[in-house]
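Below you'll find the structures, each written out as structure tokens.
Across the two complexes that follow, chain A remains constant while its partner is chain B and subsequently chain C.
Right, the complex of A and B next:
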């Protein structure tokens, strides 16, 4: 190996280490914070402390943890499932079935992506209130199930779905819905996995809309609880960090479980 | 046709029973309260609820807590949508924002003028929630200000509590520099992006960013100019303070013993007492502006009050609850003062045991009694609708001012920015 290539590799290593440190440090700091008192944290202590148990105990005293996590998981899982079902079907349909108006409708959909949520919030609120479904899981999930971004994502990925497979399935006498369920979904599993991670994270971290439609303590998600703990004259940062660790764990778990498929899916692979 | 009389009587009896059941469930009200800070506001509210429901077992009152910004987003969305479903019966609003809600959503809040005896509350808390002669709030926690200082460090520099009575900000700066020279620790932690100092100074002289009619009171306001000059002079004296950024950094500095004191609202007491430094702290009156007419030592920072929404189905119970406990139970205020460090604006509470007790943490001073005295002297001002906007305009000028910029030009720039935003 020549000197220059050694130097290049060394520099690259250094840059990667720096990038890794910048990405991982907040996580470390969050975990260290969960074991410290508020004063240690504001005093700039970065090492692990001995206040973990009191912080956890206090969190469980203040918050109905099982109920809050059930809410968050239910909303994230059901939201992911229904969004995947509806958006993948729509994306598949947009790509496979040809019609004169198809691209115009699709263009219209993409245009709607540019409407900010803040502009739709009050009309949505009025609609949901009139429908009598305020303060329900349905109210949180419903506005997101036909996700334009996901429809677009599935349509793009469907372009890589081999038409031979579809033709063969038709020859074998499968109906259109059977082709979708028995052929398309298994073939596109990497695409689904990537979408699943994105959707799980979006639903798990959803904030503004749940805040608006949820009315009672029993329905709150973990994100709302974390935010509520953070407003005080003298915030208890140790407690907040415990809540943050617990709120972060599920997304980390889901990501690592589906990591391989996520990378495949983002690269647009069909296996 | 002949009725079977006994059976008919049974049916009638049942019907009466059912209607009685229906009636009693109509009496039993469900009151919802929105607030932020579950350990402070929420805990105080829960104590009040426990007291009220002990006497009214049929009623349930539930506290739902959100982050403060979230509560405001939710409240604004719902009030703007015109949908009353899901609105609470009682909501906590920060005092600086009260006028904004009362003026932006007329009719949304229930006037309590005829129901609550406001002479029992600190004047300044009543006036900030009054619009067109109607008062809407049940005043809750006070932000009466004080100068919290490390008595051990000040003693090292040769100052005792008597040396901190009736001083000006200039004298405060001299003391701070002496403390730094003797102990190596700066007097305060200060954040250039937090205009709290401005607000405390302005109100201590009975002035604010706005006139009573809501117009800006910036250019030509001598108190505004004096306050800005004083604050900038402090920021231009690096030995006086430790520069911090953000709330955690700011509170961390005095809670960890890096600086010798803090001037702030009474609600900081709980945080300061959580530090294992008993006997090493004291509380003095806020320093006053020099050469300003009407300047005093009493001011306010923060604080919030309860409001009743006029759309609430359980409105009457909500008002009765606030009236019975929050405007009638002095013992309740002793409990939340000890439990949460929540210092109420209910004046009769000061006669109670907890309010007159001395505190060893603060060297045996009767700190609460002092705060009560200062609270009664806070001048009432009109917080207006755009306090946050003016804060932002001031903070934007601070770096240039600290670098030696002209005060008059900065005031003109602040005024211009405010005029643009509030038109």
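Right, the complex of A and C next:
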């Protein structure tokens, strides 16, 4: 190996180590912070401490944890379920059924991707207020169920769905909706798994829109609670880190459970 | 078993017509093969019979009942697809019994019929496997099994062997022939493979650009084609075509330095200087024939049992000569390609056969 290629390899490794550090260190700091007092953290302590149990106890005293987690899980699971149902159905329909206006309608939908959510917040707020659904689970879930990105994702993946399977199912006597449920969904399960992870994380981590539509403490999700802990006059960072760890666990769990299917789905696999 | 009657069957996509009026009768228990070049409409016609494509015009009658608007699952038809189309998330047993389940059959009836089909196709050891755990040949057998369990009036096969390797293709071809004999079923089979068409069919339907060119038994099409297209399409290697001019009751071949060959026996009186096309099958070149062409071999292929020589004179079109006495032939060798003039076919400039 020449000196130049050795040097290039060394520089590349250094860059990768730096990138890995930037990715992993905040995560480690969060875990270490959960075991330390606020003073230790602000004092610059990065090692594990012994204050985990007091931090957890304090968190459970201050926050109605079961209620908050129920809210978060309900919003994330229901949001994921309805978005998957509606977006996959739309993506399947756009790809399978031909019409003269199909591509124009789809183009229009894609164009809407360029409209930022911030621009839609006020009209949505006014609409939801008029509909009387503010401070409800429905208000958090509804704006995201027809996700244009997810419709696009499902349409692209449906291109890999063999048309002969649909023909065979039609010959076997299945109606169109039965083909979708009995054949399409099981065949495309990797695609669904990848979408499920993305949607669960998006819904679980949602902050801005829930902050706008949720008005009472008993409706708050974990992300809003974490944020409210940080707005105290003297924030207790140990407490905040415990809340962060608890808020992160479900997404990690979902990712590891569906990891294999996530990779398959991202590669567009029909298994 | 039911027969089929297609009357003026048409299919259009907007202004583009792909099936332009097909009339065909398929007798009960008949094995009919649709052949034709890519894009001729053979698969579309099959899908129209299956109910997977809407019929734009004409009538489709199966077993005496008009089926144009009847749902695919209620036509008494089962189809075997090119890519097998097995449901990947189901076992072999589930795949085979799926249609029966949706037809409302009892569990015992489904199990009995699936087992019967498995026995016929020797699938019993594979019943609990998923399609991904099967070889190509096994998958194809399952696809056929799935069709058999439905006890259909008509089987449709859409190029079922084209995904298999050469050896498996031969095996499956024999298996399909055996099944037809055993089940005594009406079969419509689409292929572009000459050998499959010639060996399996009771009747071959040659299609071109959405129309039937000729219908007949394999040997009728081979021996007595109606036109140059059918003559060229049926038979492998394909028939040789040479331009010729009628002069003095014989045929002059301009590409062969004006060489003259005798006129084959035709009833039509051909006028002096009429332009015709001479068709000679590669296997009709035989030593001892009374006519001959002087050619130079460009490429020779020895297959063991027979040899194919690709030869020509000057800049004439290459002739294919099939012979089982050409082992000593070599590239560059000049030979006399002898043939019997009586075996030659003549075609008019519009491609119609001159009889």
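Descriptive notes on the structure:
Methods note: the second predicted complex is superposed on the first by the 249 of 271 C-alpha atoms of A that agree within 3 Å, B and C clash if a C-alpha of one lies under 4 Å from a C-alpha of the other, contacts with A are read in each partner's own complex, and residues count from 1 in each chain.
To be clear about the criterion, a residue touches a chain if its C-beta (ideal position, glycine included) is under 8 Å from a C-beta of that chain, and two chains touch if they have at least 3 such contacts.
Note that the structure is a prediction, hence the values are computed from the model and not measured.
Superposition of the two structures on chain A leaves chain B and chain C fitting side by side, clash-free.
Within the superposed three-chain model, A:114 lies out of touch with both chain B and chain C [touch as defined at top]. Contacts of A:62 after superposition: chain B is touched, whereas chain C is not reached. Contacts of A:99 after superposition on the shared chain: neither chain B nor chain C is touched. Taking chain A as the reference chain, the count of touched residues is higher for B when chain B and chain C are set side by side. Using the contact criterion defined above for the overlaid structures, shared-chain residue A:47 touches neither chain B nor chain C, since it reaches no partner.
In the superposition on chain A, A:216 makes contact with chain B only, while chain C stays out of contact range. Contacts of A:174 after superposition on the shared chain: chain C is touched, whereas chain B is not. When the two complexes are overlaid on their common chain A, residue A:231 makes contact with chain B while staying clear of chain C. Looking at the shared chain after the overlay, A:23 reaches neither chain B nor chain C. Residue contacts after overlaying the shared chain place A:5 against neither chain B nor chain C.
Angle at the C-alpha centre of chain A formed with the centres of chain B and chain C, after superposition on chain A: 160°, rounded to the nearest 10. Put simply, the nearest alpha carbons of chain B and chain C end up 48 Å apart when the two models share chain A. When the two complexes are superposed on chain A, none of the residues of chain A touches both chain B and chain C.
On the side of chain A, the complex with chain B involves touching residues 38-39, 41-44, 62, 121-122, 125-126, 129-130, 134-135, 208, 211-212, 215-217, 224, 227-237.
The touching residues of chain C, counted against chain A in their complex, run 47, 50-52, 71-74, 77-79, 81-83, 85-89, 98-99, 102-103, 132. Residue ranges on chain A touching chain C, taken from their complex, read 162, 164-165, 167-174, 178, 183, 186-187, 189, 270-271. Contact residues on chain B toward chain A in their complex (touch as defined above): 32, 36-40, 62-70, 73-74, 77-78, 80-83, 85-86, 247-249, 251-253, 255-256, 258, 265, 267-268, 270-271, 274-275, 302.
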